[in-house]
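Consider the two complexes below, in which chain A is the common component and chain B and chain C are the respective partners.
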Partner chain A sequence: MLEARLTQGSLLKKIIEAIKDLVQDANFDCSDSGISLQAMDSAHVALCALLLKSDGFEPYRCDRNLSLGINLNSLSKMLKCSGNDDVITLKADDEGDILTMLFESPNQDRLCEYELKLMDIDSEHLGIPEQEFDCTVKMSSTEFARIVRDLSTLNESVTISATKEGVRFATAGEMGKGSVFLKPNSSVDDSSSSGSLPTTIQLSEPVSVTLSLKYLNNFTKAAPLSDTVTLQMTNDIPVLIDFSVGEIGYIRYFLAPKINEEE
Partner chain B sequence: MLVPCAVRRNPKRQCRQPEPLLDPPALPSTTGPLPASVRNSIAARRPAKAPKPMPLTAPTPPTLAHATTFHQFSAATTTHSVQAALLEWYALNQRRLPWRIPYDPVLAPSDTKPQSLDPQRAYEVWVSEIMLQQTQVKTVIGYYHRWMDAFPTIQALADAPLEQVYEIWAGLGYYSRARRLHEGAQHVCRALQGQLPSQPDVLLREVPGVGRYTAGAIASIAYGQPAELVDGNVIRVLTRWLAFSGDTTRASGVQWTWQAAQQLLDRSVPGHWNQALMELGATLCTPTQPRCAQCPVKPWCKAYQQMHRPTQFAQEAQSSLEAPEIEECHLCLPLDPSLDKSIITQYPRKQPKKPPREEDCDVYIIEKPPTHHAQDPTYLLVKRPSEGLLANLWEPLTIEALNASECLAGQANSSSSTSSRAFSSIVISRLSAFTGDNPCFSDATEFAARHPGAVLVGSVVHVFSHIRKTYRVHHIRLDNDHASTQLIDEPPHSCNGEDDKHDPQLLAHARQSLDSSLARSFIWVSATELSTMAIATASKKAFKLLNDWKAQRSSKSPKHLARKRPRSTTATKPKPNATLDHFFATK
Partner chain C sequence: MAHNAPPYVCILPQDSNPAHRSNTEYQTLTLPHPVTGQPQLYYWNQTVLCELKLVDFDHERSWFAGNSVVSDGSMHLLTPVDCLFVLLPILQANNQKRDGFNGVYMLLDDLLECDSFPDIYSLRTWPCLATQLELICDTKRITDSEMVYRLNESRALTWLCRKVDQTIDKLANAPELQSVSQNIFFLHNEHSPNATDEKRRVIVDMMGEYLNNEWLERLLASYGGFDQLEHIDRAGRTNSLALDSPEDYMTSRPHPASETPDSPAKKPKLTMAARSLAKANTKGMKSMMSYFSKK
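This part shows the complex of A and B:
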């Protein structure tokens, strides 16, 4: 049996918004350590991994491992019925076929109970090798979202190249070319005055990867969850894009690179 | 886990119907392992027939005949109970606001003492009440503090320059409120020794900018005078309490509300009573979602009774007619039978708005070609009359259709509208009369004779709150170069020798409107000046229509048909995407 109470219920809303356009149905795996989800999009180009640690909930209780098959669109619709300040409690029985959600308004004068039917979903779990990436770029998530949105107007793919000097997002299309170059901001003090978050780059080797903007645009739906985003890249392997969800956990996206046709 | 048996038989029916939240018991549910074919499919979606929504209440009978006395609490004791209940609730639930003195039922009796006049308090109440008009409490609080810092007394306000007053007010909107406060303060300091009067009728009469509501508020809240007040909140509360379904926007309804407010006024604590009434309307008895469960007056509320105990309500309405010497109430309108509104929220009633009336007019955009004074072509704008719709605004020359039959005739026969050569010749001769020597048409008569006339560009519709107005837009170019005019303009449809058939009455009307417009004031402005000027939206629409029309015509001419082709073509074929299966192994 699962019982998980999330004081900041709006987080859950934002999380589901960040996944639902990528994945239609997914299993939420609940264990005593927390709730996790791993799912790929239908084309197997992107993978989304979500972790919400048990200590982010108060209280959290999960006696036996449970897998809750959920249609994310339906879940999103139900969550839209909750207020932004609501406390959300998730409940499910071990053998049950529903997920119960309680929405409590902050002053406790409104209680909603929604039951979502669960589904059986066949999902493949992928083993993701632990690896060191050649380059790690940490930047403002809104800046990232903006770059991706701006460049999407030109073409459907972007080449991200990182060197010590900075990171460049570049694309070219029918109407022309565009690129955005961000320099790393070494001094931390500057950031507070300028208001924008600094970009930091750690790299052992310059990298250059070409990625689908459509997918990146999808990932930026997670930007409201986190001020910063971390891009981890190595040539010719999937990139890892990481948004932390407060202290509670993270949403990570893996995206396979574009390949040259000759290969 | 659900076995989607229905789905397997008829997979097309998947995902069509929204499911009811609770499973019908007929659906089998198993917990055992499922066959693989089933596991791949999504859970059962059984098309379920949605139950018809039940009406929330029994159908309301059309208006019940009832006496005027029905809209009063039956006994004096009821009124007392209501007053006590509301004040008790207010004592516990009042919001603390900077301009309020909290209500304390223990101290309250001191309110009954003849109060020493406290003009400072009156000033504070006045400012807060003016600020609260059309503005939310939350917004007002900050402004109230800043105002009181800047103008702590009525004298300080009266001495301040209007600019400073506007500065403090900036952002609150409806700036005339600030101006009227300022004027009022100056008047009070000049004529009333800086003291706001304590009687509502004196306030109403003596202080500019104080209306009936504000007068009641100042008299009751600041001076403890037994004065009633009515605002939107009070109207809502009272019409619900007393189930008054008359139109509260009409004089009879307004009169009823003030009377009811006066009858219910708690004369021992009039200020607190008025504030409690408004507080109830603002917090519980809200327009769309009244929280009746928390309402202290629920036991006596007639609208609540009507909704929850309709039979009893009907009986009481009936029996109100049986008393001697009564008058039947003719103000109440039948309740709206639409079911999506609960009975309670149908109060207060308003007569449905009348559809806006239709009006037609002809707009003549008169364009003067560039001269040595002005680089760009300029357009004639005239000033609207200082009264009525869009008073004093600049607009292109506009001639109202004479009446409904005229505008119908105009639609039926395009050449009978004043869009004609006859009219443009009038315009030209009049303009030359007003502007004197204009190189553009030194010989007005000859110019007019050769002028191709006004061209009907099209029409735009603009909806004002009470008028739906159609503007037929015409274009007149005062161009010396007739050759070019003719080239660009197609032969104007009205320029076909039928002008003589014009109704002389129409032409006379046009000439008269033109003269009075030009006599008021007129200017020539360029397109750039026009874009920065404050002109009415309808005029903007007319100019936009003209510009679109011009653009469309110029794009028709072949020389503008440029062929488009990028100068260089770089192949930007989309690269294929790798899949994650290449990189990650299935567990």
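This part shows the complex of A and C:
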């Protein structure tokens, strides 16, 4: 059986909010190392990988590997019944067809129990190798969300080009063009005074990738989980957009770049 | 069209009258688009007004025509448009309706005179013009040969509502449109009591491509607003008119709900954001399966 108690229940809410529009149904794979999820969107051009390590829960118990098929929209609806400060406990039996969720209020005077019906989901698990990317940009997640939102008013795709000088997000549409250029800023003093997080760029080769803004916009729903976001890019392979989930895990999105086949 | 231009494929509507089939000549008209009021090219063969839709496969396809290959794989479609959609905003602009005054009656010739769009006058030859106008106008006969017309908003609304229902009937009763109707109405349950309402909502949404915001809102209001339709991004609508993706015309897309038909848990509908994402243009993007291998 599975029993996992998450002190900061609001994290789970934010996680589900961050993936429920990209993926409708997914299997949560529970093992003694933690809870993970891997799923693709319906067009199979994006992939979302979630990991919540077992030591992020107290306590965490999973005797046997379990795969819980869940409709994320339903889960999100139930999680909305929990308070932001609630402690959330997830429970499932080995052969059961429900996931039980307990919401405890901080002073323990309110205890809610919800049961979510599970479903059988055929999912294709892809093996994703650890890979070295040519360029890694770490930046403020709110800044990233804002750039993506702003540029999506102009067109449906954005070209992200990174050099040692900085990273440029550019798009052009029928209305006109727009671009945002961020310079790397590694000075610690600067960031503390301005209050915004610095952008850092690690780069072995300049890269330029074109991505769908609708998808990026969707990924930025994970921004409330983490102050920073890491974009990892190499030309012509999927970019990796990584949001950490507190200390306990991550949400990673992979998105296929737009490749112009006429060239 | 110059003779040295590369050939392309264009599909014309079949003329219902066989006598006309061979010599259907289309002339181009510049008319105001009913939604935006911006000039738009239409094709006119004296009886049918058509708009041109281009389905572009981004050079990924070509056509076989006879014994040769047409390298331009895009598909030009001339599809008939009801002239009344084009005339409705014009009638409304000419109506000069104010509080307590129901507007002026005008002669057809005056109605169809427009300095910025002289081509409107060509619609004068539409054989059904008089009978069709009566559907949305009050009329008065002033002499034996002359009629005057005034837009009647409640008639126009009735006409729109009937058009909605006729479209649904047509889709339901024509076997050759069965797959079309399945693709248009993502109905969870064909027999649920809300099915008709859901279908209407889809059709109203479709007709919204030919109605300005004012009329679309009136039409919505006449159906009680379909509460859930409020999310339509009306502001962005004018920009996104022609953004159909070629995938929309392919039949291979699996129905998202059909993957787990007998799941015991009832699935809620897709969220707004998920539906919007499903419409994202994924042209040029490869599947994740081509980058990562299955475990």
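Assume the second predicted complex is superposed on the first by the 261 of 263 C-alpha atoms of A that agree within 3 Å, B and C clash if a C-alpha of one lies under 4 Å from a C-alpha of the other, contacts with A are read in each partner's own complex, and residues count from 1 in each chain.
Here is the rule we use: a contact is a pair of C-beta atoms (placed from the backbone, for glycine too) under 8 Å apart; a residue touches a chain by one contact, two chains touch by 3 or more.
For clarity, every value in this text was computed on a predicted model and none was experimentally measured.
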Side-by-side fit of chain B and chain C on chain A, or clash: clash
Contacts of A:Asn73 with chain B and chain C, given as first, second, both or neither: second
Partner chain in contact with A:Glu95 - chain B first, chain C second, else both or neither: first
Chain B versus chain C as contact partner of A:Asn218, first or second or both or neither: second
Which superposed partner A:Ala172 touches (first chain B, second chain C, both, neither): first
Contacts of A:Leu47 with chain B and chain C, given as first, second, both or neither: both
First, second, both or neither for A:Ala18, with chain B first and chain C second: neither
Touching partner for A:Met119 - first (chain B), second (chain C), both, neither: both
Residue range of chain B overlapping chain C upon superposition on chain A, of 19-27, 37-45 or 163-171: 37-45
Where chain A meets both chain C and chain B, residue numbers: 25, 40, 43-47, 71, 97, 117-122, 124-129, 156-157, 174, 210, 212, 237-238, 254, 256-261
Partner chain B, residues of chain A touching it in the complex: 25, 40, 43-47, 69, 71, 95, 97, 114-115, 117-122, 124-129, 155-157, 172-174, 210, 212, 237-238, 254, 256-261
Chain C contact footprint on chain A (complex, rising order): 20-22, 24-25, 40-47, 71, 73-74, 77, 97, 116-122, 124-129, 156-157, 174, 210, 212, 214-215, 218, 237-238, 254-262
Complex contacts: residues of chain C adjacent to chain A: 58-60, 239, 256, 259-260, 263-265, 267-268, 270-271, 273-274, 276-289, 291-295
Touching residues on chain B, where the partner in the complex is chain A: 1-2, 19, 21-23, 29, 31, 34, 38-40, 42-43, 566, 570, 572, 574-587
